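The chains carry the letters A, B, C and D, assigned in the order they are written, with residues numbered from 1 in each.
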Amino acid sequence: MTNAVQSDHDFEVQDIMINMGPQHPATHGVFRMVLAVDGEIVRDVIPHIGYMHRGGEKLSETMDFRQGIGFMDRTEYLAQFNAELSYVMAVEALMDIQVPERAQWIRMILCELNRLSSHFMFTGAFGTDSGVFGTAFTYAFRWREEIMDLFEEITGDRLMYAYFRPGGLAWEVTDNFAQRVKYVLDQCRQGIKDVDNLITNNEVFKARTQNVGIISAEDAIDWGTTGPVLRGSGVPFDVRRDEPYLFYDQVDFDVPVGQVGDVYDRWCVRIEEMRQSVRIVEQCMAKLQPGPIMPERMPRMLRTPPGEVYIRTEAPRGEYGIYMVSKGGNRPHRLKIRSACFTNLQALKDMSVGNYVADAVLILGSLDIVLGETDR
Amino acid sequence: MTNEDSAPARSLDGTIWPQVDRALSGITASAERAVLDVIVSIPRDEVVRGLKALKADEALAFDYLRCLTCVDNEEEGIDVVYHLYSTKHHHNLTVKAHLAPDDLFVDTATTVWRGANWYEREAAEMFGVRFRGHPDPRTLLMPEDMTDTFPLRKDHPLAEIEVLQGEGIAWGVEE
Amino acid sequence: MKGILRSLATTFSTFTRKPVTRQYPETHRELPERDRAFPVLLWDQEAHEPFCTGCHACERACPVECMTVLMKDNPAHKSVGGESSRRKIIDKFWIDYGRCMRCNICVEVCNFGAISMNNTWSGHEKSAYDRAELVQDLPMLLSVSRGGELKPWVNE
Amino acid sequence: MMTETLFGLPTGVDAAIRLLIVVGVMTVVVMALIYLERKVLARFQQRLGPTRTGPMGLLQSVADALKLISKEDIRPKNADPWVFELAPFLVFVPTFLGFVAVPFTIAWQVRELELGLLYVLAVSSVNILGWVMAGWGSDNRYAILGALRAVAQSISYELPLVLAMISVAMVANSLNLVEIVRQQATVPNIVWQPLPALLFFICLLAEMNRPPFDAPVGESEVVGGPYVEYSGIRWSMFFLGEYAAMFIMSLLGAAVFLGGGAWPLGEELGVGWQLALTVVKAGAIIFLMFWTRASFPRLRIDQMMSFSWKILLPASIAQILVTGGILVYNLPSGLEHTLLAVTSAIGVLFVYTAINRSVATPRPRPVVLVRRSEAAR
């Protein structure tokens, strides 16, 4: 598709089509967008997704509820605990299982730490998009590594945790959990400070990101964007606050909201969310009591009664929803993963058109897409 | 709260159903209560009108489309499921439109929320549901030429598993 | 300008810190005992045979169908003059590590405590040139446990 | 001006020998620079950097060079063969021409040119031709986008660079680099002319396409820009040219602003000391370039242009006017130099505030925190 540009010349002027991706350093995986550019100005964006489509929803219909957990990790591979949480909460809601308190607190701690690690990943990737040669990336990975070490000690795996179970947790956390979390939080505070000092106030970064890729609150809602993209536009919608799950109604935290809705606001919202996550984990640690991590009476074979449920949790990228339809039996009849990046990507065109090519990269980066989640 | 009791005999008391019923005056709608949300079933021909009414209603203001998907009920046809949310009043609603198996089309919801665009493209290629009036009816996740098979339908088979192990042990595929 | 100077100060402060990366193949990080690499079979050091009786529980529970199990009558069982108390024992066992997704389900469903996740570095360094080389047979699966390399971790 | 030849050889032979020495040394220096950049950047990022090849990875550049030489030289099917293949030379050769005039010590360089400063600046900007050829010849949209950016950037930053240098030349009353170095035996020019020094460093970054001015080659946007289709030895020639230019310009900066081999030890000390001083000063400039690379995001092309035309160019012109205005009155030396330093420092402050003001609207609080109690329900 080429758009003829209005011109005074007697020859025809065409936009050049630039194909970005699926192999391009700025597309965060296998995302592809075709840009129609007039000089340096983007006139049209055609996003293409699906390169990582693995038929996850179809596969989940063939897996029983225990087997499905492992697959959820692989859809959202930067916020695995959140993905698992949605899945197991859907099963629990259908089966009407009461989860013990301790298990819920631990789930909360792990999910918030996961949010930290995911946002660290964002700062790194976005820093690289904006051109900080590797420094932001290595900073981010250096601090994310501490969180991943903790997760590995608890769950045994660095990425694909498969730790939550319908009803609770797979096994108890390590004995030195409290010290380790405290240490990791200290490290994270230092990390947030470093990343913040490196990038947030840098004039070059501000010049690049402020007033770029603006999406208004109405448009953001209309496109169905979620998470920091929506909050960056000034809509204080956070599932943790508005529809509390786990024990989010018992901890105190603030929801950061941007004022302009540009790339810079999305960055600041995420940085602030990291601080809030540290706060939440601290409160959770104070309330964590010894106790069981699984209900006393759990059926050996997980079978749900017929029914349907739409579970939503606030993953780092926004609302991660699981729509599970059961017709009885030990596997879902239909499992729909409502992915945050999928909806956020829809708004990409609205944000990018009229900006520079270099800005299109930044805008895509500010959406913080995970292709595993987008394509499922 | 997700983990609250959800008794099997769920009544519609205390839900937003009365308001929804009022907003949907003139549209045939029936309601049931699922584990978390109220499910409103609207006939196929009226569903977009109903969705518009739900969005426009002051007391409901369903301005946010959470999710749009289909459920294949095999011989009973396909349900199109809309999950709505109101960022103003913070309440949820599930809307269902039933499609007969030989008559798979429904009006597009992109006229109500632009965000329905990709969801409908995905549902169209995965279930073969045609969304009438969709602005961009290309495939989304599937290859451009894959328009005759619908992977998420129940009759679509899984791929064979390549077996690398065993000394000539035959290994079937379960599904 | 202030922000620019602050950026420079931050990078300089990390310039003076110690590098945190490791020389990977030479220096290995210590793995926690819960580390999950790939499933291996456990060796009964007292009876000198595998714990596994070939009951197919793990094979059935595996979400990715990466296991193949064949059982046989135990030639060392008491009834045939041996010393073992296991009537049936594993005959052949294959796990396709290229397919395994390390979900730990096989460990959880095993009634005999016969399978465990490898928590040594040998479980991670499995690169091969051909997918077929990733298919492990019974002696390979038992070798780690037989050598006593596994760190003990009792799954509660 | 002709210095005496080596061993009394004929002039041509002498020049050839000197050039060969310089080119040989340069190749080694470039390799060392690549290694150093990787090591230093790694330290900025709390990594170890190259460690495999040789002790502490010292042979990394050699290994890279061997790898690049042995790689297949790929030319895209649709590329313009002549333009594509000649482009690396046009980047590489002009850069090395700059070495003819750069003083390594006070008494030793290839040739002492009366217009040395002008010559180095002129020659170093020729390589933009090679960039355009590379961008055009590759028949790649990223490459042409990058090349066009490079041209725009090079033209915009050449002006403040040259104008800043003119101001220094006015103070030194010479364009001869050796003469300029000699004059700084007591106090280096950076003290009298801080604004030109700042402008020189900024333009240097832009000319070298270093962050934050690396839009022409930015990996996350145009994936290397004009380099994108090059591989093997041709790509390494771009690389060689880039790092050689970096060293030349740093030597130039050391000579013009930091007193080259003269300050602070004076001309009496041996050639070895002078050489070491020059290299250390150039090294400091190079370290500063590494440092900015590790800390800075990338500017967009339009911001880059407006930064040059709206801030740097006015600043440099004002500096020339002020310098000329002070010099024309033939004041006593001490007063004259003090005035120069003060006015130039004011110019630095002007640039500082201009950068502050040029950033988009300040936001007192970037994020608003919505308290839990403000929840709607």
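In this section, contacts are C-beta pairs under 8 Å (C-beta built on N, C-alpha and C of every residue); 3 or more make two chains touch, one makes a residue touch a chain.
This structure is a prediction, so every number in the text was calculated from the model and none was measured.
When each chain is reduced to the mean of its CA atoms, the one lying nearest the mean of all protein CA atoms is A. Averaging Cα atoms per chain gives one point for each, and the point farthest from that of chain C is the centre of D.
Highest inter-chain contact count (C-beta pairs) belongs to A-D. We define each chain's centre as the mean of its Cα atoms; on that basis chain B and chain C are separated by 41 Å. Taking the mean of the C-alpha atoms as each chain's centre, chain B and chain D sit 60 Å apart. Mean C-alpha position of chain C lies 54 Å from that of chain D.
Counting partner chains per residue, chain B shows two or more touched chains at residues 90, 174. Within chain C, the positions touching two or more other chains are listed as 1-2, 4, 7, 10-11, 14, 20. Multi-chain contact residues of chain D (touching two or more other chains) are listed as 44-47, 294-296, 355-356, 375-377. Here chain D touches chain C in the complex through residues 40, 42-48, 51, 291-292, 294-296, 352, 355-356, going by the rule given at the top. Listing the residues of chain A that touch chain B in their complex gives 49-50, 53, 55, 57-59, 62, 89, 92-94, 96-99, 221-225, 235, 237, 242-245, 305, 307-312, 319, 321, 323, 325, 333-334, 336, 338, 342-343, 345-347, 375. Residue ranges on chain A touching chain D, taken from their complex, read 16-18, 24-26, 37, 40, 127-135, 137-139, 142, 198-200, 202-208, 210-211, 236, 241-242, 252-260, 264-265, 268-269, 272, 356-359, 361. Of all the residues in chain D, the ones that touch chain A in their complex are 41, 44-47, 141-142, 145, 149, 211-212, 214-215, 218-223, 293-303, 355-356, 358-361, 363, 366-372, 374-377.
Interface residues of chain A facing chain C in the complex, by the touch rule stated above, are 63, 66-71, 74, 135, 139, 142, 145, 152-157, 160, 162, 170-172, 174, 194, 197-206.
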